[in-house]
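First chain A sits with chain B, and in the next complex the same chain sits with chain C.
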Partner chain A sequence: MTWIMIKKEAREAWRSRRFLILLIVFLIFGLMNPLMAKLTPEIMKMSFGKQFSVPAPTSLDSWTQFYKNNSQIGIYLLAIIFGGTISGEVNRGTLVNLVTKGLPRRTVIVSKWLVITAEWLLVALVSFLVTWGYTAYYFPDQKSPHLWLAFLPLLLFGCSLTALIVLASTLARNSYEGLFMVIGYTIVLYLLSLFTDFKHYNPLSLINHNLTFLTKAGSLTPYWPALLVTGVLGALALLVANLKFARKQL
Partner chain B sequence: MTNLQNNSQFFMENLPILIPLILLEFGLMIAAVIHVLHHPHYRFGNKILWLVIVVVFQIIGPVVYFVFGRGDQA
Partner chain C sequence: MSLLELHQAGKSFGSQQVLNNLEMAVPEGAIFGFVGENGAGKTTTMRLILGLEQLDHGTIQIAGRPVEYGGATTNQLTGYLPDVPAFYDYLTAAEYLRLCGQITGLPQGELDTRIKTMLTRVGLATGSRRIKGFSRGMRQRLGIAQALLNQPRLLICDEPTSALDPEGRNQFLELLASLRGQTTVLFSTHILADVERICDHVGILDQGRLQVCDTLTALKQQYAQPQLIWRFAQVDAANRFAQALAAQPNWGQVTTATQQVRLAYQGPAEPLIRRAWQLLLQMDLTPLAMEQVAPSLEQIFLKVVGQP
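Then we have the complex of A and B:
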């Protein structure tokens, strides 16, 4: 049953060109990061004159761009594209047939989350590999040693966020409401991140402190509560989505 | 003159990034333009509006069109 629903979701992602758009945009992000790192000093020179001395860009600048793009645009793009994943089907009535023919409602939620998460993992990985390749080619320095350690927290945050997107689109009446709920969630996290005492607990640290993880060995270890909180929040979001969807009028 | 040389040198140096970048952006734009022309039913707005958005705003335009603009029929 789950497998059938997963296949249906994957086919939808392909035929609606949703996956292709995500892939192209994340590919463009991946290419832009090293380019922006190279361009920034040139732009500074153009605007402040030749004598303005700018340090030569390093691999760190490229990875700064990568994490900035992903945390400021990438995750919202997910929310924009998937914000209506359940509310849209409820509005169109396309789930009625499946559920009345015996598809468990739980399966709908779980397979949606699985497919969205798989799409996110894939495009994030592609963009990471592209940035990695070009950064290694243009900035062959040793300044960013812990590439995977910096990248994995972002992936985990994304998986948790997709669960939240599924929850938001279950609660919402249309895709705009779903999008606003996800934005509201990140705003709450940003407000909480003002309390620096809690930074080791805040899921947002996983996408905002990546440069520290990238440069310093073992700097991810103190953030294990944040990893835990992120995972638990994702699981909770899925659970609540299941409960709410069980009573939803299709 | 030196400025111009610098620019073209910078351009050549970054060709490995620029070529795929330009190809992807144009690919996205052309796909969106074709879709706008072939599917004249939009959730809101009209053909001219969407053509302008898709062509003028690189990356963002096509994404906004595919997510919000296009009608429900395939």
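Then we have the complex of A and C:
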């Protein structure tokens, strides 16, 4: 049953052009990250004069752009696009026919999370690979040795966030409420990040310290509690979404 | 034997009690007309049967299995056609039916055949046109196709003819009538003529209870009487004739409505008609028309819900 609904969700993502929009935006990120790093010194010189001294850009500047774009725009774009994934279906009444045919409600939640997560992983990977290729071309240095180690925490944070988006959309009456709930969640994480003692537990560290993970071997190890908390929060979000959706009026 | 049974079913929304210890049984194979005024609780009852609403108290069973709110077990026995069915606009009709069929667990080969058969039966092409471009009538026909696709034991239709044009309505009623004996149908509507046309059992819901529930024939015998109706040009003439009719012993019950006089009678009509004409001649009154009306569901309905 889950596979049937996964196919339905995937078809919806494609035909509604939702996936295409995500892909184009993340592809643009991928192309722009190294390009912006390359052009920034030239832009600065044009703006402030040739005497303005700017250090030569490196691969680190390109990856800085990558993680900034993903953590500041990418994840919110996910929340905007998928904020109404459950509430929209409930409001339109499209699930009534399927549920009254015997579709288990948990299948709706699980299939939606799986497809949204797959979309996130795919577009993030495309953006990563494009950034990697162009960065290697523009900046053939050895300053960014741990590419995957830095990237994996971002992927995990995204997977956990998609579970929270599904939960928010289950609790919300419309997509705006869903979006605000997700924004509220990230605000709480940002507030928690003010407490430095808590940083190794805060899921937000997985998208805020990627340059450290990128450059220093073993720098991710102290953050294993954050990895664990992120995974547990994602699983909890899915569990609560299932419980709430089982009692939700369609 | 009853396929669907509701015992002591109660449901309130806030302070408003919609269903009050509802007792209802739908025999297997029946086409059951479920009638009631707007807001009587017909849709709520259907949603309770489908597990889309939570019962406050009581039980609902389909084929002996209890219905659970949010559960899916009994839904595998049912087909549901809401008044305004909602679909995924990005799918074609065939793709939507395939999704529904896969959820109900129909085998692939059988599903292909059924999709073609159902689309032909409801008059929808198997082409690549997406549901987004469908008219309301086409959507309703697709709704019928999805409800019947898995050949459910219990088909629940919630005011299904309200959005259809006369031709579509006629076709739909014929389709429902053709299911007699194969599928048990619970058919809610406020168009009583539709119920009279196809239903063999009728339940009238009023004030949260099923006030009557029996075969249509039995209800007509119990509640309805044939009527004679005279129409006059003036109200004064109608009132004078009504008074004269009422004064006749054992003719029946007389009611008036503006220029109309109604006589509900029992026994053969001809002697009454002859005597009424004699009365009219004596009073020098000439009606515009006279009509003999057979017992109807409308009469039963009005009598049961307590309207004149």
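Going forward, the second predicted complex is superposed on the first by the 250 of 250 C-alpha atoms of A that agree within 3 Å, B and C clash if a C-alpha of one lies under 4 Å from a C-alpha of the other, contacts with A are read in each partner's own complex, and residues count from 1 in each chain.
The criterion applied here is as follows: a contact is a pair of C-beta atoms (placed from the backbone, for glycine too) under 8 Å apart; a residue touches a chain by one contact, two chains touch by 3 or more.
This is a predicted model, so every value here is computed, not measured.
**Student:** In the superposition on chain A, see if there is space for chain B and chain C together, and answer fit or clash.
**Tutor:** After superposition on chain A, chain B vs chain C: fit, no clash.
**Student:** Quick one: classify A:250 as touching chain B (first), chain C (second), both or neither.
**Tutor:** second
**Student:** Output check: A:92 vs chain B and chain C. Expected answer is one of first, second, both, neither. What do you get?
**Tutor:** both
**Student:** Chain B or chain C: which reaches more residues on chain A?
**Tutor:** With both complexes superposed on chain A, more residues of chain A are touched by C.
**Student:** So, A:24: does it touch chain B (first), chain C (second), both, or neither?
**Tutor:** The first partner, chain B, only.
**Student:** Put down the vertex angle at chain A formed with chain B and chain C, C-alpha centres only, nearest 10°.
**Tutor:** Once the two structures are overlaid, it is 80 degrees.
**Student:** Identify the partner contact of A:100: answer first if only chain B is touched, second if only chain C is, both if each is, neither if none is.
**Tutor:** It touches chain C, and chain B stays clear.
**Student:** Per the contact definition in the header, classify A:15: touching chain B only (first), chain C only (second), both, or neither.
**Tutor:** It touches chain B and chain C both.
**Student:** Considering only the touch criterion stated at the top, classify A:32 as touching first (chain B), second (chain C), both, or neither.
**Tutor:** first
**Student:** After overlaying the two complexes, what is the shortest C-alpha distance between chain B and chain C, in Å?
**Tutor:** 5
**Student:** Under the contact definition given at the top, report the residues of chain A touching chain B in one complex and chain C in the other.
**Tutor:** 15, 92
**Student:** Would you pull the chain A residues touching chain C in the complex into a rising list?
**Tutor:** Chain A residues touching chain C: 1, 4, 8, 11-12, 15-16, 92-94, 96-105, 246-250.
**Student:** Hey, which residues of chain C end up touching chain A in the complex?
**Tutor:** Checking each residue of chain C against chain A gives 50-54, 69-70, 72-73, 75-76, 78-80, 82, 84-88, 90-91, 95, 99-100, 102-105, 143, 146, 150.
**Student:** So in the complex, the part of chain B that touches chain A is made up of which residues?
**Tutor:** 10, 14, 16-18, 20-21, 24-25, 27-28, 31, 59, 62-63, 66-67, 72, 74
**Student:** What part of chain A is in contact with chain B in the complex they form?
**Tutor:** Listed in rising order, the residues are 15, 17-18, 21, 24-25, 27-28, 31-32, 34-35, 38, 42, 77, 80-81, 92, 134, 137.
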